[in-house]
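Have a look at this one.
Chain nomenclature is as follows: A, B, C and D, assigned in order of appearance, with residue numbering initiated at 1 for each chain independently.
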Amino acid sequence: MQKIGFIGLGIMGGPMAANLVRAGYEVTGYARSSRSTERLMAAGAKPASSVAEAVAGADVVITMLPDSPEVNDVVLGDDGVLASAGPGLLLIDMSTIAPETSVAVALRAQETGARVLDAPVSGGEPGAIEGSLSIMVGGEPETFEEARPILEHLGKTIVHVGEHGAGQTVKAANQLMVAGIIELVSEAIVLLDASGVDGERGLEVLAGGLAGNRILDRKAASMLAREFKPGFRIDLHHKDMGIALATARSAGVSLPVTGVVAQLVASARAMGHGSLDHSALLSVVENLSGRDVH
Amino acid sequence: MQKIGFIGLGIMGGPMAANLVRAGYEVTGYARSSRSTERLMAAGAKPASSVAEAVAGADVVITMLPDSPEVNDVVLGDDGVLASAGPGLLLIDMSTIAPETSVAVALRAQETGARVLDAPVSGGEPGAIEGSLSIMVGGEPETFEEARPILEHLGKTIVHVGEHGAGQTVKAANQLMVAGIIELVSEAIVLLDASGVDGERGLEVLAGGLAGNRILDRKAASMLAREFKPGFRIDLHHKDMGIALATARSAGVSLPVTGVVAQLVASARAMGHGSLDHSALLSVVENLSGRDVH
Amino acid sequence: MQKIGFIGLGIMGGPMAANLVRAGYEVTGYARSSRSTERLMAAGAKPASSVAEAVAGADVVITMLPDSPEVNDVVLGDDGVLASAGPGLLLIDMSTIAPETSVAVALRAQETGARVLDAPVSGGEPGAIEGSLSIMVGGEPETFEEARPILEHLGKTIVHVGEHGAGQTVKAANQLMVAGIIELVSEAIVLLDASGVDGERGLEVLAGGLAGNRILDRKAASMLAREFKPGFRIDLHHKDMGIALATARSAGVSLPVTGVVAQLVASARAMGHGSLDHSALLSVVENLSGRDVH
Amino acid sequence: MQKIGFIGLGIMGGPMAANLVRAGYEVTGYARSSRSTERLMAAGAKPASSVAEAVAGADVVITMLPDSPEVNDVVLGDDGVLASAGPGLLLIDMSTIAPETSVAVALRAQETGARVLDAPVSGGEPGAIEGSLSIMVGGEPETFEEARPILEHLGKTIVHVGEHGAGQTVKAANQLMVAGIIELVSEAIVLLDASGVDGERGLEVLAGGLAGNRILDRKAASMLAREFKPGFRIDLHHKDMGIALATARSAGVSLPVTGVVAQLVASARAMGHGSLDHSALLSVVENLSGRDVH
């Protein structure tokens, strides 16, 4: 059975690593916060006190980190993954970062003989816990096949979408769609409310027709109740909208609606909702429409 | 069994009337085009040569017309439904029109002793044929209960959403969401394409995660193939975006993303795609991004 | 000297009619509010107690009314201008209304032998008082030449821009540009403020370069002081954005930025700023950015 | 008289350096392209074959470079300005770059004892030639006073707007306003054209009223003729919209219209107009409206 070093044990990484322990892998976990590491020890993993220690002797290293600077630091740093790895390491970076960072990491890894995949996920904390994430993977096809048995313990929809960085590009597309749909649901709710139409019944019909979508299925009730407990935080979605627009810029395309939605997510953050769920975009639309935020 | 007059036998109205014939109702149909009427006769309905003839002796009249002017004409005109109806008529207007027109029709109907519902639908030609439409109904609760047995032969999700006009308001919300989601899917496709990522695989992952929606489920394949056979025409969606923004104006709300999407639908029409499926919004995004329209 | 009937003596119409009195015309004025009429009497005009009385014996009638319904009522109504006019009337409608209403008025006027111009203005209360308005005129060239001597007492830039309705189309273009530029100035102010840059000095440089514009020249100081005394009210600009977008719809064009700006003006109104100056768009941008509205 | 090293002798830098020669300064110029350097020699400056040579013995160094990477390279590089400078250098960076790069440069300069100003300009090639630029300056007030006599040979409106980076922030505000106003003028032109209104007369009235602005004054004629010879290239404005949105992100504000305009500038570039004047935004609006690009 392969030995796995798992770096980054937060809301997502923690339960993902635990699923790998349950699947029988020997997992050594490292996180900045010792609390996160202890929680994983309880699940049966070995703790590491540094990145280097988590990587030592590992066949596979999985990183699940907040943003590009952390990935650059943990993977490319002096005491980082590539510096500490033995020959032939398989590195699966499941963080959501800029595609160009993933490409840069892959180029550096090749120089050290390591193989790398970018494999960001969608599905949130419930998906991480249930092992039902969607995983979009960029990199060499053979490397993907090698990683697939591990990924199957973490997700249900696991698709190899292209070369290095392609996983991140698909994740960027995912994030612009999710924010956009939340905004559209918010505009629908505000229109119904202000017109005196019962929101619950209105959204029930919308969910049954061509407008149906997973945001309505999962978040309509909490949005109607104006409960914005995360879930996925506005702050992180703000970061991801930045990645989406930077990716569009690199690709030379024009995304007008994403351009506006990004500013509305920025507004949610500016209004102080950064640590609320991304469905708090509803508050921005209510504010624009002069309606009390509940 | 109730006698039903059915006015407007187009792509939607034709199969809906046929479903009522099949359900055992005595249906008298009228359409401007005699061809449409003949097709319904083949299904077992009686033809009428005027609105008045379709209404004469009917317990229930259903109208399925393109826009407010036609509804005003057919329902409120000199030889129209209300002028020709016996006492106690139940009028179910299933057209998609401005909420305020529905309210005006209801006020005029009350003066003649008729009861009215606005009951626009979502689900398109397939839903009309299969009798699986979503139907959003505005009007008195008792009138809704009276109409429900008939509506159940036409749709699956049948919801009373509020007072007169409320059905139209929910339909407006439906249309802004549908256009918005088509635009977001288009922006995702263009981003993936321009980044060299396989569109089919990319959309497969998107459909499996939080970005999942019915447009992806039903239209991803045809959009990737750049096939825009309607379906629901850009011209009609352009009309409906006008209704959505006018409804927002009446309600005193601000819908920034809908404001942009409406201009992009207008662009699709200006580019000559008015008679294509609304998924042809993709062509606008490709055009903006300097990519050949296929 | 021609006899002029002047209908509509508000913030704009009042001083305009007074300028015509001063120029030596015999002016009979009518307004709904008797106060406005009295003020004009003080300037030397004759009062009328009805539209018909203002029109009786007039060679020229000028209307300056808030919106299309008022123009329809006053001009086309049973006791309206056309019904009361003698043969060969020259009607100059200086209201800001939909181009298609101006065209409809012109068609109706032709049937009665009257000649009509649409001649909306830009320049606000100061321009009305000083007689320095910009006047954009639609209609027959000969009619324009006939009206020009009168218009020269009201404005400085007086341009015949095309056929009936063309004046209103240019006014629609004017209004979309004015609202858009106010929004851009607002975004600049919020960006400078939030970055800790002195707004007054920043706007001084902006006014000196390619970004220079009349909003900066006239409103920068009051905007920086968050003083939004009208001037031109948000409510009226909201009406005008509706006209601009309806005109774009009729013309078959797509105006993406105007589409967003219209929703932001709607937001200013929804937030309760309808009776403030249109420069109160700044409050919407501050709100979106989580900054205290001053 | 002070000795000035001038680095970057392109469309802007070339005539600026020549103005300083004419003002009597001893100028040593350096540019990557030897052609640019030769042209300046003809004006009376001394040529340098490297950055170091241009800096050697200079009291003041002025840099006028395309973007942040070039500034980082030229100023902070191993053989760069700071490495080559004698004690007490005054560095005036007139490039348009991200405010945070200007702050970073200032911090590094302080370590070497140099004083720095960020002093981007507005006014284009004509302003550079005539010495009538608007110059927005960030940095210490004393340093500004020291630089003012030099800047007065380059511009007319010279304003100290705040601390290090403040000049760049004001420039970002300038660029978002300029692009936004060009877009609004374009939307007005397309609306007039499609409505059959004479564009020249229409814009003449607009220029005379509250919508008046410098884009109309300087570019209306060429835009109506669809002549897009630069001037200021779309490619550079695209870069600057990126800086504006990144500055908004750093400042924590939401700029919805700028968010859309940035995507329309991106569209102009994607359509292949990158080397045309920024007024080519008109082509994007025409394209969206299905009108032939001239």
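Here is the rule we go by: a residue touches a chain if its C-beta (ideal position, glycine included) is under 8 Å from a C-beta of that chain, and two chains touch if they have at least 3 such contacts.
Since the structure is predicted, the reported quantities are computational estimates derived from the model, not experimental observations.
When chain centres are defined as mean Cα coordinates, B lies farthest from chain D. Here B-D and C-D are compared, and the pair linked by more C-beta contacts is C-D.
Inter-chain centre distance (chain B to chain C, centres taken as mean C-alpha positions): 38 Å. Averaged C-alpha coordinates put the centre of chain B at 52 Å from the centre of chain D.
Centre-to-centre separation between chain C and chain D, using Cα means, comes to 37 Å.
Residue positions of chain D touching 2 or more other chains, listed in rising order: 248, 252-256, 258, 260, 263-264, 267, 270, 288-291. Interface of chain D with chain A (complex): residues 242, 245, 248-249, 252-256, 258-260, 262-264, 266-267, 269-270. By the touch criterion given at the top, residues 99, 122-124, 134-136, 156-157, 159-163, 165-166, 169-170, 172-174, 176-178, 180-181, 183-185, 187-188, 190-192, 194-198, 201-202, 204-206, 208-215, 218, 244, 247-248, 250-258, 260-261, 264, 285, 288-291 of chain D touch chain C in their complex.
On chain A, the positions that touch chain C within their shared complex are 256, 260, 263-264, 267, 270-272, 284, 287-291.
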